[in-house]
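One structure coming up, written as structure tokens, with questions to follow.
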Amino acid sequence: MNAAWLPLTTLLTSLLAAVVIFTLPENARRLRTSANLLAAVGKIILVGLMAVRVSAGHEDTFSFQIVGNVDFVLRADALGVMFAGLSSLLWLCTTVYAIGYLEGSANRKRFFGFFSLCVASTLGIALAGNLFTFLIFYEMLTLSTYPLVVHAGTQKALDAGRIYLRYTLSAGVVLLLGAVLLYALTGEHSFSSEAGLGNYLADHRGLLLLIFALLVGGLAVKAAMVPLHGWLPRAMVAPAPVSALLHAVAVVKAGAFGILRVIYDLYGIELSVELGVTTALAVMASITIIYGSLRALAQQELKPRLAFSTISQVSYVVLGVSLFGPFGTIGALAHLLHQGLMKVTLFFCAGNYAEELGVHRIDEMDGAGRRMPLTSLAFTIGALGMIGLPPLAGFITKWYLGVGAVQAQMYWVVAVLVASSSLNAMYFLPILHRLWFRTGPAHGQGQWPKEQRLGRLETHGWLLWPMVFTALASLGAGLLAGLPFSPLDWASRVAYGEYLP
Amino acid sequence: MIAFFEAIAAFDVIEVLLALGLTGSALVCLFDRHLVRACYFFVFFAAAMTLAWWLLGAPWLAAAELGLGLGLTGPCFFYALGHVLPSASSSLERDTFSEPGSRVAMRVLLALAWFGMVGAAIRTVIADMAYSPLEHPLLLAGVVIAASALGAFALHRHLLRRLLAFNLLGSGVFMLLAGVAGTSAAAQAFISVGLVVAWLGTMLGALLIRRLLHLEGVEALGRDGNPKESAI
Amino acid sequence: MIWRFGLFDGTFEPLASTHWALVAALGLPLLLGMLAARLPPRQAWPVLLASVPVLASGLMLLSAYDQAGPLRWQWDIAGIQLSLRLNGLSVLMLLMTQVIGVAAALYTPGYLRLSEPGPLSRWLWPLMGVVLSTLSLIWLATDLLTLYAALELMGLAAVGMLMLSAKASALVAGMRYLLLALVGSLTYLLGVALILGHWGRLDLPGLAEVVEPGPVAWFAAALIGAGLALKAALFPLHAWLTPVHESAWTPVSALHAALVVKASLFILLQLWSILLPDAFYAPRVIAWLGMLAIVWGGLLAWRTDSLKTLVASSTVAQLGYLMVVFPLLLGPDVAPLSRALAWDGFWLQLIGHAFAKAAMFMAAGNLMLATGESTLKGVAGTSRRMPLSLLVLGVAAVTLMGLPPSAGFTAKWLLLDAMVRSQQWWAIAALLIGSLLTAAYVFRLFRYSFYESAPHHHYQPLAPGMDLIALTLALAAFALGLLAHFPLTLLHGGGA
């Protein structure tokens, strides 16, 4: 039984939300908010339904022919549903947060319209059943995030937008070339086919390597792998919810997810190992991890530090993929989810500090724990998770990655993991120290840069509760990792599906 | 085709005279500085064309040329010059010519290239013309007229001149067409359509020139494509 | 290659109703245009009402083709054989013409009401009618005489339309266009003279049988090619294009850039596929010029400060995409699969560009009308005040950039696929660089629109529906990208 409507409806939910938002007038705040939340909740329900269907062994597929040998395919497979679940859950949180964050500012219609489009593209990427469909949504994501990046309309924002486009559109062209070459070589090649490209190895080794380089090169730009990461720190001028979404789910994860698809579903892991590309990828990822952490250490402002931390953390996913073996895979997939939860929490916190207290720099954060205890607690959870302290979510991924590295006999990866964790600690612990153990304006010393009293609690409720929720979720993902439908459980399901067909 | 050549042979002397008359009037029309005189020569040229069609055994074409070329297209030029409506200004007597030498050279080169191409094309189609060009005086006149008209078109900046040059180019091409393809029904149909198009184009052009004169004055006609910023 | 134009098919006698549909498709636009000159419509609804039978005639022809396959009509008038054919390609082109024509006509009343065009405005309607009727004729005609007459009439009417704004700059540019177009048509005529003199035939099916490669075919192809390239604004004969659009009315620009230049290209491809089957050099020359066109057009659009010049220059570059495909369509030793892909991609790109360019001109016209500015800087801050116009511009630009999910993307995919298969790496590079250049100039425009610190002008409100018409066209280009299967099936039905 194939429920073709399910993936399509899920996709259309956010597309429809975008259309509705664009047609509503700018000042119809209530209607827009309800449409947004309705769509977000509806989508979570639909994705939940898909998850149930996938675990029951169905793969719902919607497809139609575009031209000759090219189809448009949406397929709800385990890996796709995992990413779709992450994006729809975080979409709800971010939407709630954004409603509070943008309260009273201009151009909210444009913002929420493109926000919905952006999530629709992410969902399309998750459910894409072949490379062509993936490409469609991948480029749509580029286009729909541009207005979000330049939302402020300042010179700095526009410059950041230009850099962003330069990187991503060039990457799109490279990716397109790779995809066309692949189609010309093999014809239609669905992500779900078991065959892989092994048959072509004998005759077309060089071409396969070239295609791999083009595809992964194009995807690595969005995944912000060194040296293609330049756009990400600059895109920090965007409003906090956008940064949260860009970093935690949409853009960088789309790149990492694309690399996952290329290696697991297009080339197949055995072929990738045989071509020797996984080792190269592991080296690149390790360089990115260390470099990102080092740069994060040098940042004096909170958001850029988080941005470089993202560069470093996303490459864990790529690193996990390139470790040949189930544990590396589980680590990578689980990290995709865990990192999303933790990073979104951290960005929510950064946004809250900026909104409530006007704090942007790290040295202004002294004693903020007393003024904003919940926010600081959430930040602590996120930061400790990033460092990889048990029993938080980050620990699980690092553990699995370490075991995977040992299994794959790539011992130097363990060294990279250890080094990166200590670097993480070096750039997060000082912030925690400042938050909790230094005295600051909250203790009567000096003043916050720009303090506002946004709500009865420490800040506005719309800003507070999403953050609390994601913080609890990242705590729960670590503590309750053994339960069914936890991120780890789902990641293992995907991984064993990959290795034990 | 053969019948066509035999037909011309009978009118040899008249035909040579006609060809000379056509070429001469075309050259005057193309290169005379005095615009009104050039237009009179155009009318003369159209009359000669009518005669030529008649001689070539295409009375319908002669009628079309008489009606369209002489009757309708000619007056368009006088209208553009302001000679039809007495109230209109008739400041358009002569055109001036001041072009840098390099551009002139380039245009002449272009026109020569065109001439070569047309000549080569004709040569390949009518092989025997290469050996005895003088047996086909009208065809020869067509080549000369078409080539010099294109040269004039490239050389002149003045809009009325270019319009005149286009019309003569058209006539030259029609003569080539008749020479190459004979005066079959198809060729006659093509030439008639071409005459209508030439008339419509000339009318449109004349209207435009009047309008432009009204808006911008005489200088506007000498400049091609770069109107004064202030006038927009 | 030539069989793809469906010249040899059509065994069935068309039904009586099909005859009427043909007459309506060819004559109605002209008739309605004349009527509108007498009674100029002030609202959009009479136009909408009048366009129903036009669109119906197109759909009837589509269904007739669907049922009976390719159709032919033939007349013998005074010893001259005139003939029309209706195959998948011509139905597709006809429908495109009608839809874009109707959209432009619907857009016109609102535009004229707001822009105070002066007394010449009533002439717009009959000229528009002539252009649409002759365009429809060009898609159908299969003899050189009909093609010539239709092409000339269309050209003259187009010149007339473009100059209606009666500004001095428009007149000078229009005069240049007129003279060049006329000379171009004489060049074409000379090529026809060679064909007529050597083979004595005018009907394309007959010609396709008797033509053999040789100097005559080459000269004729060169002359016809030069004349039509001038009319189609193919690089390097494109210089007249931008000044003409600079001060023309919006619906006129939309029609011209979307349809009129394409007609010459259509004839060029059709005649060359007869005269130069499997020629090596000619298509390659066109392709090299196309690569230059992509780069040069992109640079022109990138450097300009005027909104309309930007949109018009992008036509030069987009035509370059089509020129680059020529070796795949006409060249020798192209694998059948590559050729089929290139054929699909060519027409999809052409149609997608027509829709997107019409939409883009309308959106740009809306912005200019509302702000009263015609420069890129003038639209600064419009993202807040006129989000819909800007959105239309964006959606249309996506097609031009060839990003998904648009016809431009699907077409580019097909073309790239064909080029990869036949290993034309230079063409691939040109296509990819073209996308980046397009993105560069498009986003230069959007960058201005996002400025928040822009001064607030007084904005003139637009007539209802002006944005919606443009949006519909732009979305049609999207839909064509995703649902390309249907139009491409029509293309394949050319007979085989």
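To keep things simple, chains are lettered A, B and C as they appear, and every chain counts its residues starting from 1.
Definition applied: a residue touches a chain if its C-beta (ideal position, glycine included) is under 8 Å from a C-beta of that chain, and two chains touch if they have at least 3 such contacts.
Note that this is a predicted model, so its numbers are computed, not measured.
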Pair of chains joined by the greatest number of C-beta pairs in contact: B-C
Chain at the geometric heart of the assembly (C-alpha centres): C
Between chain C and chain B, distance of the C-alpha-averaged centres to the nearest whole Å: 31
For chain A paired with chain C, centre-to-centre distance based on mean C-alpha positions, whole Å: 43
Chain A and chain B, separation of their C-alpha mean positions in angstrom: 71
Contact footprint of chain B on chain C as seen in their complex: 78-80, 145, 148-149, 152-153, 156, 159-160, 163, 166-169, 171-176, 178-179, 182-183, 185-186, 189-190, 192-194, 196-198, 200, 202, 215-216, 219-220, 222-223, 243, 247
Complex contacts: residues of chain A adjacent to chain C: 22, 64-68, 70, 72, 106-107, 109-110, 132, 135-137, 139-140, 142-143, 146-147, 150, 152-154, 157-158, 161-162, 165, 169-170, 172-173, 176-177, 180-181, 183-184
Parts of chain B lying in touch with chain C, wherever the complex brings them together: 117-118, 120-121, 124-126, 146, 150, 153, 159, 162-163, 166, 169-170, 173, 176-177, 180-182, 184-187, 189-190, 193-194, 197-198, 200-201, 204-205, 208-209, 211-212, 215-216, 220, 223-228, 231-232
In the complex, chain C residues that touch chain A: 340-341, 344, 383-384, 387, 391, 394, 398, 403-405, 409-410, 412-414, 416-417, 420-421, 428, 432, 435-436, 439, 443, 446-447, 450-453, 481-485, 488
